[in-house]
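Each of the two complexes below includes chain A, the first together with chain B, the second together with chain C.
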Partner chain A sequence: MDAEQIIKSLTTKFPDVISDAKVDSDIRISAYSEAEKIVEVCKYLKEELQFGHLSAVTAIDQIQKNEIDVVYLIASYDHPVVLKLKARLPRDNPEIESIVPVYWNANWYERETYELFGVQFKNHPDLRNLVLPDELLGDWPLRKDYKGFPNRTAKNLV
Partner chain B sequence: MDTNVGPDEMIIHMGPQHVAQPGPFRLNVKLKGETVVDSEVELGFIHKGIEKILESKTYLQGIPIVDRICYLAALTNEEAFVGSVERLAGIEPTERSQYIRVIVEELSRIQSHLLGYGEYASFVGFVSMFMYPIAVREQILDLLEMTTGARITHSFLRFGGVRDDLPEGFREKAKEVFANVEKALQEWENMMETDLIYKKRTVGVGVLTADVAKDLGVAGPPLRATGVPFDIRKDEPYLVYNDLDFKVCTETAGDIFARIKVRFAEIRESMYIIEQALDQMPPGPLFNEETPYGKRTPIMRIPPGEVFYRVEDPRGEMGFYMVSDGSDKPYRVKIRGPVYPTMQALPPLIEGVQLADVVGIAGSMDACTSEADR
Partner chain C sequence: MDPLNEKPQENINEDQQLAGEDMDMENIIHNEIPGVITTTSQGITEFLKTTKIQDLINWGRKNSLWFMAQAMGCCGVEIIVTGMSPMDTDRFGIIPRNSPRHADVMIISGYVTKKYLPALKRLWDQMPAPKWIICMGDCSISGGPFYESYSTVQNIDKIFPVDVYIPGCPPRPEALIQGFLELQKKIAAKKDKGTAYMR
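Presenting the complex of A and B:
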C-alpha cells in the first residue's frame, strides 16, 4: 500500500472529517482530522490500513493562531508509510477523546501531553502527571507562554 | 494501581534507588505471596526537560544536548537530531561522512548491547559477569574515543557531515578489537547454552508474543525476539544502509533467552557492517563545498517546515519530530524514544510472574530511565 492509496482511502471514507491530506514524500503523509471523530479515524487506520504502530502522540502550541495541535504519529509494521495526523483544538479549552481504546500505548503519551500542554483527554483510563512533580501540574511548561523554570524554583524556595 | 491490599497481599516499592535499575524510576509491585498481581511504573525522577531546552538553543547547540538523552545511544540520538535538521534544510551529507556515521553508530550499538548484557547478567544473579562485558566494551569505547575524542558523549555529527575523519590505524585496531569481541561472545554463548540454572531462569520466562508486543508498541530487540523483522535500517533506509549487506536478526521464542540471543546476533551483524563500510568507504571530503552550513556555522536559519525522522537505536525506534518556524532555533521538538513504550509495557509483562524474575525481565528489555524521562 503506498502513500497515494492511503490518502485516497482515508478521504473517501471520511470526506467531512479529513482535511488538508497531502503526500510529503514517498513514506510520509500528513492530514488534519476533526477532533470529535479522532477515535473513529484511528480505528479505521488500525483495522483497514495496517497502521498498527503508534509512534507517538504529542502537541504543538500554535500561540499566534490561539490553537493547540495534537499530533499523532502513526506507523505500520507492514508498509513503510508514516502518517502525521493532527487535530486542531482551541487553546483555552483543549479537549479531545482519548485513543487508548484503539492504541494501548497511547496511555503514557497522552498523560505526558496532558501535563506538558494541558490537553484534556476525555475517557482516558488514568489521566494524571507522569514526569512532572505535582507542584508543576497546571503550569503547562511546554506551552510557549510558560514563564520559565527559574521563576518556579524561586517560588519554591520561599 | 489499586492500593487496597487484601489479607494475603502486600505492596513492594522497588526504587527509585535500587541496585538493579538502569536509572531512577519506581516500580510498585503488588504481591500475592511471591506472585505479582499488579504493578505500576512511576517516572519523573530525572526529568531533564530536554524538549523545552532544545527550543531555546540554536540548532548547533542542540547537538551536545541530545547526547545527554541517553549516553549509551549518544550517536544514534545525534543521528536522529542531525538527520532531521538536514531534511528540513535540504542538506545531503557527503558519501564519506555517511560511511563514517554508519561506522560510529554501529560501534555505539555494540557497546550499548554489551553494557546491556552485563547489567542484565547481574540482574539474573550472576553479578561478577557484569565485569566481563564491561572490559570488552571498553575496547569498543577506545575505538570511539580515537575517532570522536570522547568515550560516551561525543558531539561528533555535524549538519552535512561529521567533525573529523577516521584516525590512522583505525582499521587495524578495529580488526583486533572485533576478534576479541567475537571470542568473548562465543565464550558467553557457550556458557548460556550449557548452564542449567541460567536456562531455568530465562527460557520461557517473560514471554512476549508477536501480537502482544505489537499491541504494546514495543520495538527493537524485544520485538525482534518475537519474530517480527521490524528494523528501521531496513524498512526506512537512511545513510548508506541500502548499500550495505546485513540481515535483521530475529528469534521466535520471545522470552528472555531469545532477547539476549538477538542482541548477540546484532553485535555480530554490526561488526560485519563496520567491516564492509571500512572496505567500501570512498575517499572524499567530509563536507560538500556548496553546503551553506559548514561545520563552523554557529547560527543557521532553517526553512520553515516539519519533519519526522526515524533511526534504529540500539534499543529500537528513535524518532525526532521537529517543527521549524524559520528562525535559528527549533519551534518544537518531540523526541520519540524507544525505551518509553518498553517501560510502559513492563506492568503487563510482569503480571503473574515471580518477584525474583521481575528484575530479570526488566533487565532483558534493556531499559534506560534517562531516555524515558528525557
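Presenting the complex of A and C:
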C-alpha cells in the first residue's frame, strides 16, 4: 500500500476520529486523532495495516492554542511509510490513554513524555520519572512556560 | 530482672567511681613521664607542614598522581585516551585507577547533572586524602554548551576545591597532561588546595 491508500483506509475506518490526514511526501503521512480513540486507532494500525514499529512518542507544547499535542511516530516494515499521528490535549489537564497494551515499547517513551511535559497516561503500568531527578518532577521542563530556563547562574562565563 | 541486664549496670557504677576518685590521675600521667610527648597523627602532620620535610612529602605526592578513570561526559573519551599506552603518562607517575579508594585526583570531565551530583560527592568522599580535583572541559568550568540547561549544576568550584581548570571542548590528551603538570607545579610550590597549609 502506498501513502494515499493508507490514508484512505484510515479515514474510512474512523471517519469521525481521524482529521487533517494528509500526505507530506512519498514516505511520510500525518494525521490527527481524537484523544479518546487513540488505542483503537493504534490497534487498527498495528493489526490491519502492518504498522508494527513505534519509533517514538513525544509531545509539542502549543502554548498559543493552549494545547499539548502528543505525537506518535509509527513506521511499518511492509509499507515504505512513516505515520505521524497526533492527538490534541488541553494544556491544563493533559490526559490520554496509554498505548502500552498495543505497542509495549511505548512504556519508556510515555514515561519520558510524562516527566518532561506532564502528560498523564492513563492505565500506564508504571508511570514515574524515567531520567529526571525526583526534585524536578512536577516542573515539566520542556513546557514553554517553564521558569527554570534559561538558567543564568553560571559565574565563569566569558 | 534477668542477670544479663544486671551486669552492665554494676560495671557502669564501678567506672563512675573510678572516674570520680582518680580525676587527677590522667593529668599526672600526661605531664610527668619525662621525655614523652603525647600527640596524634593529625598533630604530627600539622607539625611537619611547618618544616622542610613537607617538601620531600610533596615531591613524593606530586610524582604519583593516580587519577580516577571516571568518565562523565564526552570528555571522558579523552581521559581514556590519556590513560592508554601512546600517551605514556607513567613517566609522570600518572596512572588511571578504577576505584576511588586508590585515586589521588578526581577529574570532573563533563557536565554535572543534578542527578549525578550526589554520586560525584560520594566518590569524592570515598577518596583518601591527600586528594585533588581537576576541572576538565568547558562543561565543568562554566556549563559549556549546556550552560542554560535546566538539569545541569552550575559553578562546580563552589562545591569542590578545584585546583586546575583545563579549557577545551574536549581538551586534547596533551592538554590534560599539561593540566597534570600544572598541578604538580602547584603541589611543589605548596599552593594546592588538597592540603591545608599553615600560612
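The rule is simple: the second predicted complex is superposed on the first by the 148 of 158 C-alpha atoms of A that agree within 3 Å, B and C clash if a C-alpha of one lies under 4 Å from a C-alpha of the other, contacts with A are read in each partner's own complex, and residues count from 1 in each chain.
To be clear about the criterion, a residue touches a chain if its C-beta (ideal position, glycine included) is under 8 Å from a C-beta of that chain, and two chains touch if they have at least 3 such contacts.
Model, not experiment: these values are computed from the prediction.
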Classify the contacts of A:L73 with the two partner chains as first (chain B alone), second (chain C alone), both, or neither.
first
After superposition on the shared chain, which partner residues are touched by A:N105: those of chain B (first), chain C (second), both, or neither?
first
Contact-wise, after the overlay, does A:V82 reach chain B, chain C, both or neither (first, second, both, neither)?
first
Touching partner for A:A3 - first (chain B), second (chain C), both, neither:
neither
Who does A:P141 touch here: chain B (first), chain C (second), both, or neither?
both
Any idea whether chain B or chain C touches more of chain A?
B
Looking at A:P133, would you say it contacts chain B, chain C, both, or neither? Reply first, second, both or neither.
both
Once the structures are superposed on A, label A:G52 by its partner contacts, choosing first (chain B), second (chain C), both or neither.
first
On chain A, which stretch or stretches are contacted by chain B in one complex as well as by chain C in the other?
131-133, 141, 149
State the interface residues of chain C toward chain A in the complex, per the touch definition above.
113-115, 141-143, 147-152, 154-155, 157
Touching residues of chain A toward chain C in the complex: what are they?
131-133, 135-136, 139, 141, 146, 148-158
So in the complex, which bits of chain B are touching chain A?
43-44, 47, 49, 51-52, 214-217, 219, 228, 230, 235-236, 306, 308, 310, 317, 319, 321, 323, 331-332, 334, 336, 340-341, 344-345, 373-374
Okay, in this complex, where on chain A does chain B touch?
27-28, 30, 52-56, 58, 60-61, 71, 73, 75, 77, 80, 82, 84, 103-105, 107-108, 129-133, 141-142, 149
